[in-house]
Amino acid sequence: MTAPTPATPAVEFRNVTRSFGDGPAAVTALADVDFAIPRGMIFGVLGESGAGKSTLLRLMNGLDHPTSGRVLVEGTDLAGLGKSQMNRMRHRIGVVFQAYNLVGNLTVRQNVELPLRLQRRKARSGPDSVRVREMVDFVGLGHRVDHYPAQLSGGEKQRVAIARALVTEPSLLLCDEPTSALDTHTTSEILDLLSATRERFGTTIALVTHELEAVKAICDRAAVFESGRLHDIVEVDAARRDRGQSYLAHVREVLGE
Amino acid sequence: MNLLSEFERIFGEYGGEIAVAMGETGYMVLVSIVVAIVFGTPLGTLIYLTREGGLMEQRTTWTIANLYVTIVRSFPFLLFVVFMIPFTRAVFGTSFGTVAATFPLGFVAVAIYARFTEQILLELPSGLTEAAASMGATIPQTVFRFLLVDGRSGLVYALTSATISFVSYSTVLGVVGGGGVGDFAMRYGYHQYDFMLMYVVIALIIVCVIILQSLGHRISRALDKR
Amino acid sequence: GCAGGSGESGGSEGETQTLKVAATTTPMTDVVQAAAEAIEGPYEIEMVEVADYVQPNTMLENGELDANFVQHPPFMEEFNEANNASLTVIEPVYLTVVGMYSSKWKSFDEVPEGGKIVIPQDKSNAARSLQMVADAGLIELDPKADKWTVTVDDITSNPKNLQFTEIDIMQLVAAYPEADAVFLHGTFARQLGLTPADDALITEQDEQFAVSLVSREDNADSPEVEALAKAFHSDEVRAVLEEKDVPAAF
Amino acid sequence: MNLLSEFERIFGEYGGEIAVAMGETGYMVLVSIVVAIVFGTPLGTLIYLTREGGLMEQRTTWTIANLYVTIVRSFPFLLFVVFMIPFTRAVFGTSFGTVAATFPLGFVAVAIYARFTEQILLELPSGLTEAAASMGATIPQTVFRFLLVDGRSGLVYALTSATISFVSYSTVLGVVGGGGVGDFAMRYGYHQYDFMLMYVVIALIIVCVIILQSLGHRISRALDKR
Amino acid sequence: MTAPTPATPAVEFRNVTRSFGDGPAAVTALADVDFAIPRGMIFGVLGESGAGKSTLLRLMNGLDHPTSGRVLVEGTDLAGLGKSQMNRMRHRIGVVFQAYNLVGNLTVRQNVELPLRLQRRKARSGPDSVRVREMVDFVGLGHRVDHYPAQLSGGEKQRVAIARALVTEPSLLLCDEPTSALDTHTTSEILDLLSATRERFGTTIALVTHELEAVKAICDRAAVFESGRLHDIVEVDAARRDRGQSYLAHVREVLGE
C-alpha cells in the first residue's frame, strides 16, 4: 500500500528548532528537525511524552512558529503567508487536538458543521448537511446530535473532534492522539475511516499516537522522536497488518481467558 | 403612621407622575442597553483582540479604545453630563429632556459594557481561539462563531449587571432635566422631605431591578451549556 | 439676535406659543405652575424641571429657555460675571427668610469654642451666612471685602475658633442635627418643623435676595416675557405663596 | 487664552487645596478597596457557593446576600448616602467629613466587588471544583486553595475596574462634605464657573486612574499562569 | 498474584443505575450494575467509549450519585455520609481524572503538594516534602517542578495528575485512563508504579483503560461494560505477563522492521 508521491511533499520541515523560554528553565521542544511527508501518506509520529509531537503538529498549520528553520506545507513556506492566505491554507488542513477544543455552547451537530460554515458552504441543506449527518453517524453519535460537549464522555468528545476535522475533506489531516480516549473497537473503526479517507481523497495524514498497533494498522511510515530530536524514521511492514475481531473476543485473546 | 394609608396617599397623589417617571427611566435604560450591546460589545471585543498578545495585536488601536473606556468611566458622571452638553445640543438641538439626557448616558453605557465584555473574553479558555485559528476562521468568524458563542452566558449576566449601573447612573440625569424615577425620588422625596414617598419610589426601582436581575440570571443560566 | 429663542416659538398669529421656564424645587415649581395657569394671551408655559442651579442659567443663556425661576439676583450676577452672560432680572417674586438654626443651642452666645457652623457652598449664600454670623458678633469680616461676596478667607477675627463647613444647599437639612449652627432657607426650615421667628438664632430677609424671574437681555422686552412677568405677578401666584407661607416680594 | 499661564494660575492659587483634595480621594478610594477585598470577596464567594447548584446551595443565604448586592447597587447613590446618614452618625458620631463619607461608599464598594467576584468565579472551569471535591477539600479549602488561586488574575483585573467605579462614586460624596477631587472640581469648577480649573482637575483624576488601570492590568497578567 | 481479600470489599455496587436527563433524550450511563472490588485488588474497567466507565469512578468517591441503588466504599454507604465524613473518606481516595483537572495557577510542585496541604500535613518539610519530590521525580518531571500546567505537554500533565493522586498513599485509587496520553515506555513505568503501590500499601486500584496491554500487565480482574451494563468480569491470566524492553526495540518489534 504505497501512497502516490508527487514531487512536492505535503509537509516539509527544514532544520526546525522550537524552544520555549530562555535561561536555565528553557525547554527545547524540537531540535533541528528535518524531514518530509510525501503527499497521500499516512505518517505516524511516535515519541515519549514531551518528545515534541504536539509541537510538531502545531507548527504544521501555523498555530506555532519555529524558533529557527522553515516549515513548508505543499511547497509553501508558512512564514511567508499573509493572514488570509494562511486562513485559506488552513481550510485545507483538518486538526484533531489532543484536548479536543470543542465549542462548549454548540451541540454535536453544530460543532461538526462549524468548519463548513467558516468556509461559507451552505451546511443547512445540500450535500454538506448530508455529510455532517454522515460524519456524526459514522463516529457513532447519531443519537446525540443535539447534545452539548459537557453531556458527553471523554471518548465521545474525541469522536466529535474527529468528525469535525474530517467533515471538510481536508487535503492534510493532523491528528494528535485522536484515539487516546477510545476503546480498541472504536479505535479500529476510526483508523479504518482514516485509511478510507486517504484512499478516497488522497489525504495526507500526520498521526501522533502512542498506540503502536495504530501505526502498524494504517501508517506507511513513522517518525520516532526523543526529547525533541528526530530519532529515526521507520517504514511499516504492511504485511503484518491484521484486523477484524469482536471486541470481547479481542479482550479475551489478549488477556488470555 | 399607617403604612397603607400612606401608600394610598402616595399613589393617589403621585401615581400618574410616578408612571411617567418610570417610563422615562425605562426609556433611558433601554436605550443604554441597546447602545451598550451595539457599541459596547464590539469595543470590548476590539480591546480584547488588539491587546498585547491578542489575535490582532495593535498597540495604537488598543490604547485609544482602552483610553476611551477608562476616561469615560473615571470622569465624574455629573461633570461628564455637563461636559457633553455642547455635543448633546449639536446632535439633538437641545441639551435637556429625557432624550437628550440619554446621550451622555449612552457613552458611559458603552464604556462600562466594553470593559465587561473584555473581562469575559479574557476568561475564555485559550483552546477556543486555537480551534478557531486551526479552522482558518477570520477574525470576525472567530468573534461571532467562537468567542461570543462560548462567552454568551457571561455576557448576558454582565449585561444585567451593567443595566443596574445604568439605572443608578440615570438618577443623576435630573441635572439636565432628564427626569426618571431617580430624579422623581430626589425631587419630591429628598428635596421636599417626603421621605415616605422617596422610599416608596426607591423600593419601586429596586423591585424592578430585582426582576431584571433574576431574568438576566435565568437567561444566562439557560444559555450556558458548557 | 433671538438665537434660537424657544424651540416652538415664533408661530404665526392665533397659534399658542410655548414658553419654556426652568425651575428646580418647591416652592419655585409651584409658582411656575400657578403662573402657567395665570398666563394670558397666546402663550402657555412649559416647566422644565432641572435638579441643579447652574444648568438653568446655562440653558437660558444658550437660548434653550425663555426664562428661569431658580435664583436671586446676586446669584445671577455671579453667573453673568463668570460666564460673560447677559441674564437679566425681570421680576422679583418672593422673599426668602434665611436664618441660622441650631439643634443644640438657644442663642449664638452658647455656641462653644471650636463650634461647627455649616453653611452653603455657593458664593452668594455663603456670604449671606457669614454676614449673619458676623452680625451676631462671633466673627469679624474684612471691611474692604464686598458685603455679599465675602468668603471664609475674609474672616479677620474668629475668637471662638468656629469651624465652617461648606456643603450643597440641598444637604443643609441633614446637617441640622449635628451642627452647632446651620444656615437654612425658610422652606427647608419648615420641613424640619422650624419657623424663622421662633427657632432661628438669627434671621435675615434682605430684599435683594428675592427669588426672581430671570430672562436674557435680548428677550427681556419681548411681549412673551412681558406676559410671563404678568403671570408671575398674578393672584394665583400670590395664593400659592400664601399657602406655602412665603412672603411675596410684590 | 494662554494655557501655560492658566496652569500657573490654577496650581499657584489652588495647588495646596488640590493636594488636600487628592489626599481625601486617595483616602476614600483606598478604604473602599480594602473594604471591597475584605468583605466584597467573601460576599461574592458566598453568593457563588450558595447559588442554585452551588457547592453549598442554601436558598435563604443566597437570597439575602444577592439582595444586598442588588439593592445597594441599584439604590441611587446620592439617596443612598442620605439614607445612610443616621447609621453613619451612629457609627462615627458625625455624618460629615471625609471619614464619615467613606462609610456609605464602603457599602457600595462591597456590593460592586461582590458581584464582580461572583462573575469571575462563575467563569472558572467546573474541573477545578471537581478536583477540590475529589481531594476531600472543605469549603474554605476549596475557596482558598482552588477558586481564588485560579481566579486571582480575573479578581485583580476586576478590582482595578471596581476601583475606577469607586473613584467615580467618591465624586458624589462632596455633597456630604466628603471632599475629594471630584467635589473640588464641582465646587470651584462647576458651581463657581472656573471651567479651566474643572477640566484640569478632571484631567488629574483621569491620569491617576490610567496609572492605576495599567498597574492592575500588569499585575493581573503577571498572576495568570493558565 | 492474588490480592488479599478481607471480608468487606473496598468498593461495592449494589444494583446501581445512573441516568441523565429524561424523556426521549435521556441517557442511561449505568444500568443496574452490581459488583464488588475486593481490598488490595487492581481492578480493570473496560468498555467502549460512552459505556459508563467514568461515571462508575465518579460514583465511587461521591462526585456523582446513583439514580437508584447503593455505592459502598469500605463497607460504608456513601449516601449516608455527612459532609465532613465524606471529606475524610475522600482523603483516603486518590483520583486521576480523564481531563487531569490540574490547578492552572499552581506549579507542578504545588499541584502535587496540594492534597497533602488539604490534609493539613506539613508538606514544606519532613518526610512529606521528600515524598512530593520523590513523586515528581518518579513521573520524570524533576526538572520541571516550577513550571505551570500550561507549559506542559499532554502526557506531562497526565503525569502530574498521577503524582498528585499517589502522593497521599491513598487506600483506594481511582484512575480514569491514566496513561491515555502516554507512550508505551512511560505507560509501563506508571503501571509498574501502580503495581508497586499496591504491593507496598495494599492499595485497591480501579483502573479505567482502553489498553488491554495495561490490564494484562497489572490487573487481577477486569469488568467489561457495554452501554452501561456490566457485560462480564474477566480474571486476568498472570502467567501471560511480560515486560521490560527498550522503547525503540518494542516499536521495531511491533511494527516489524
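Going by the order they are written in, the chains are A, B, C, D and E; count residues from 1 in each one.
Please note the rule applied: a contact is a pair of C-beta atoms (placed from the backbone, for glycine too) under 8 Å apart; a residue touches a chain by one contact, two chains touch by 3 or more.
This structure is a prediction, so every number in the text was calculated from the model and none was measured.
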Any chain in contact with chain A as well as chain C: B
Two chains sharing the most contacts, counting C-beta pairs only: A-E
Whole-Å separation of chain centres (CA-atom averages), chain A against chain D: 49
Whole-Å gap between the CA centroids of chain A and chain E: 28
Distance from the mean Cα position of chain E to that of chain D, given in whole angstrom: 46
Contacts with 2+ other chains: residues of chain C: 54, 170
For chain E, residues contacting two or more additional chains: 99
Where chain D touches two or more other chains at once, by residue number: 82, 190
Contact pairs between chains, per stated definition: A-B, A-E, B-C, B-D, C-D, D-E
Residues of chain D defined as touching chain E within the complex: 127-128, 130-131, 133-138, 141, 145-146, 149-150, 152-153, 223-226
Interfacial residue positions of chain E with respect to chain A in the complex: 20-21, 25, 27, 46-51, 53-55, 98-99, 140, 144, 146-147, 151-156, 158-159, 176-177, 180-187, 210-213, 215-216, 222, 224, 231-232, 234-237, 239-240, 247-248, 250-252, 254-257
Residue ranges of chain D in contact with chain C within the complex: 82, 85, 89, 93-97, 174-177, 187, 190-194
Chain B-facing residues of chain C, complex: 7, 22, 24-26, 48-52, 54-55, 58-59, 62, 64, 170, 173, 191-192
Contacting residues of chain E [partner chain D, same complex]: 61, 63, 84, 86-91, 93, 95, 97, 99-106, 114-115, 117-119, 148-150
